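The same subunit A turns up in both complexes below, where it pairs with subunit B and then with subunit C.
What follows is the complex of A and B.
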């Protein structure tokens, strides 16, 4: 089974991964303190443009990944809209109670989850894990021990997926029947987790021995196959983000879409 | 030079010593083959000689003298468990990084090492996952060469490869190892012999029973090698010598499975196609073909474990005419994935509970079955604690205990030593005597020749040829049969 996805590298791929990681983390934290849904809406439009046209992935991939995004938006906003508290009642039917306050709070919550989702996807789609770890070793001084362990672990994932499929077939052939309800869930988890873990732990141990046999960790100094420095793409990325933050701020004051400015 | 004197080693939780005062020295440039039965500690000895034990793997050892090489490389047996990077070039670069080679020289060196193992890739930045087993092992050799080692340790590098891959790997190793000291552990030794000038045989407890020049060893210790289950050249001849003549069965004309325009799908694509074929009751059907030709897909399709189309009919003893797992046994390549309980006994009991065998008969049947499969002494062990051979036997036992009509096996003898292989073949033959039809994927022409009554040759996802072999077994005497 292959779970590789082909794509055209874009300028977003060329940004230094550590820089991208830190910038986006900062943005994440910053957005937590934003309480204006208008601002979030404008932010999302900008990031969505990058997501849609900047990742170099095929439309099929972009479209598929947009589905969970939409679900996240709908589920997080509707729960708040339908069941949140508020004074100005718009609609009431049984348990469902939509008020003006809960409506905007719901929209705000949905937008917030969506902006986080979009930023994460943008990062994941434009960053090769290998480059990320090389960059964290070079720029953030992560110890090679950890970086290479992560990379080796990522390599094991497709093998685990394959094993999972075989395991499912094997259990079917052996006529395994599960109990109903929670107990059945527990049985299932046990039946799948133990063999998969056993195989993975053994494989991980073998890989570790093979890595040490290749003189890994004998000395701490090492050269790097990939050199990841800073380029003007990093500056461009930073610049675009800052400019868009300003534009979003201005627009959210000038052209308000939702008639509220402060929601918590 | 490598040397150990009066070596003793003990695995934690084991009561007995693995080695008891073993002494061994290997001169520079020597090419040594270590053989011995499963569990004799060949791989452990190799790891001690390399220094992986006790530096990396913590096993307590004691020796009066231990001299190891500072510069060594080791090729391991599992192609999927020795790389840490996703791409070919990155994997070799990993070694170059460890050696502090400057980045400017890397690209050149990577091509050079790949060249030396005959891996000509249009693009060196290719995913390792896409390579065949043989190619992966050659990449492993290339990355070991990148260490520029003086000593090469090879720990069953072809145990998990098919015949083509095995030959490629040993041809490559012959070429690259000329100026190096080489220590090899292997039980499939046909291709290894031209490479070595010294053979050491270990016994069950890790003592050296023979040490000498290959021809001499093979003439003097042939029966020991047979006993230890080492795949020496022509072992199949020696095995066939002592085989009884298998009788034919009368009811071999009843179909058990029929197929018509039958297709098997994988990820929505047709991967396997059978136009018109019948499996008869009492057959030993061998399914052969190159790697990736669709043999396993055919097995999965027969078991309805993947999507299929076309016609397939099952004539099983429960008259259900459906694919009923209570009447069809399937043995996967990795037996561990089929174990679901915490003991050998419970494992077999589970199979019985799923069948229509009466619970009163359970105890007797379990005991008989455990004894027949030589698992009685380990019946309370956890399945994962068994040896490889025992695991394989248990997975077959779980499939056969409950009156199945047909047993499907996906390369059941793959990677096993000769002893386990012969033992399993005899078990299958016994199953066949008890009216269980055998369908098995195999790469081993000798198995087809000795046991199969029919052979299906698969090529490019299509059943190309059906050979009836039962006549051969009946009319030709044993002595004529093995003239090649």
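What follows is the complex of A and C.
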């Protein structure tokens, strides 16, 4: 969420948000049917360049957000590496059974999570939520009541966080003691979740009634504060993606890094 | 009973979903460390994801709420910079459909505990289907795959089913749900009794 973070807008910010979302979703679905880790490796290098130099955010932000990617790489690959099925045994100790097939399949899964993670970060860092919802109303014909609800709900989040802190302080002042173990966790969740939910539902209800009174749910012939259209930046983005897909495909056939081409 | 979703229903659903995505975001990272071990302890809290759907449905009780809640929860985490990103939207869609299917089978008229648990299973099956494509879980060793499925199902039934049910029951006591639920025949009956 790029609300209080300062950044330099780049051409990626100017792409139509709905177009960006649809293109990336299509890419995601397409990547689910790619079973060649070499291809993913080449994809990552391209996307990483875009992520590092294209978002216009400061290095600190880019670096911090990249840290969880390594954890994701590990957590999505290790299960398959240690416990996956395969024929060529490399290592066996108790339950852990690493085979050649499972190793490369694990690496493939890790790479895939990285591609998805990088693309998502790229999207999140270069798209303002407000523009995304205005654009879905204008280009994808999403009903305004959905789009405005999303935007109103996002604005309510800071209030919820503040309420959470007040609640925590209030419970501390009153010296609430929790039981040990699972029971204590249950008590804790209950003490926090119910007031938070009840209060948020009440507030959401009040805001929604006001919004309905102001015709935010009106469908036809509405005017918009922000106008979003298509530009040639969209074409450029699409072109770059397609070219990079082709390059990755050619490279993955010509210069293989991993000695497997099909991990399924 | 008005069946279409009004702006009020939508806004409340999204806010509920966002609260759950915040909770998930807070305790999620802790469990992804555990996930590295590959023993699926993290799967036990996977049900937290579907919880938005059942809680929102039990509160608002209209068709489409479960699906919307799941999509909004996914969108919520996505907006807070969740690293799983847009793939979450796909997961949200298919899990929401899983829940929605169960509620639709009872024609959106049953709000009992076992239906909530069934919806939890529906969502879990949806997520497992996508995991076959995304995580190749069918290529795991059999005992490990069984562990994963059992852990996820148990987690979803406990969290998405049982916990969500009692949470909404506790919320009912605060009186907040009265304002937003569609009026039932009981309510009309009570009104008529009063008029007499």
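In this text, the second predicted complex is superposed on the first by the 252 of 264 C-alpha atoms of A that agree within 3 Å, B and C clash if a C-alpha of one lies under 4 Å from a C-alpha of the other, contacts with A are read in each partner's own complex, and residues count from 1 in each chain.
Basically, a residue touches a chain if its C-beta (ideal position, glycine included) is under 8 Å from a C-beta of that chain, and two chains touch if they have at least 3 such contacts.
Quick caveat, the model's predicted, so the values are computed rather than measured.
Novice: When the two structures are laid over each other on subunit A, do subunit B and subunit C clash or fit?
Specialist: fit
Novice: Output check: A:175 vs subunit B and subunit C. Expected answer is one of first, second, both, neither. What do you get?
Specialist: In the superposed model, A:175 contacts subunit B only, not subunit C.
Novice: I'd like to know which partner A:167 touches here: subunit B for first, subunit C for second, both or neither.
Specialist: First partner only, subunit B.
Novice: Tell me the contact category for A:69 with respect to subunit B and subunit C: first, second, both or neither.
Specialist: Second partner only.
Novice: Identify the partner contact of A:105: answer first if only subunit B is touched, second if only subunit C is, both if each is, neither if none is.
Specialist: In the superposed model, A:105 contacts subunit C only, not subunit B.
Novice: A:212 contacts which: subunit B (first), subunit C (second), both, neither?
Specialist: In the superposition, A:212 contacts both subunit B and subunit C.
Novice: Subunit A residues in contact: does subunit B have more, or subunit C?
Specialist: When the residues of subunit A touched by each partner are counted, C comes out ahead.
Novice: Identify the partner contact of A:152: answer first if only subunit B is touched, second if only subunit C is, both if each is, neither if none is.
Specialist: both
Novice: Students often get this wrong, so check: with C-alpha centres, what angle lies at subunit A between subunit B and subunit C, to the nearest 10 degrees?
Specialist: Computed angle, apex subunit A: 70 degrees.
Novice: Looking at the overlay, does A:79 come into contact with subunit B only (first), subunit C only (second), both, or neither?
Specialist: It touches subunit C, and subunit B stays clear.
Novice: Considering the aligned complexes, could you tell me the closest Cα pair distance between subunit B and subunit C in angstrom?
Specialist: Nearest C-alpha atoms of the two chains are 6 Å apart.
Novice: Of the residues on subunit A, which ones does subunit B touch that subunit C also touches?
Specialist: 1, 148, 152, 154, 198, 202-203, 207, 209, 211-212, 216
Novice: If we count contacts the way the header does, which residues on subunit B are in touch with subunit A in the complex?
Specialist: Checking each residue of subunit B against subunit A gives 50, 52, 55-57, 72-74, 76, 78, 80-87, 89-90, 93-103, 106, 127-130, 143-144, 147, 267, 300, 303, 305, 325-326, 330, 332, 334, 336-340, 350-351, 354, 384, 398.
Novice: Name, in rising order, each residue of subunit C that touches subunit A in their complex.
Specialist: Residues 5-8, 10-12, 14-16, 18-19, 22-23, 29, 32-33, 35-38, 40, 55, 59, 72, 75, 78-87, 89-90, 133-136, 139-141, 143-144, 167, 170-171, 174, 176-177, 179-180.
Novice: Quick one: in the complex, what on subunit A touches subunit C?
Specialist: Contact set of subunit A toward subunit C: 1, 21, 24-25, 28-29, 32-33, 65, 68-69, 71-72, 74-76, 78-80, 82-85, 95, 97, 102, 105, 109, 112-113, 116-117, 119-121, 123-124, 129, 145-146, 148-150, 152-154, 156-157, 160-161, 190, 193-194, 196-198, 200-205, 207-209, 211-212, 216-217, 263-264.
Novice: Please give the residue numbers of subunit A that touch subunit B in the complex, ascending.
Specialist: Residues in contact with subunit B: 1-2, 4, 130, 148, 151-152, 154-155, 158-159, 163, 166-167, 169-176, 191, 195, 198-199, 202-203, 206-207, 209-216, 218-219, 221-225, 227.
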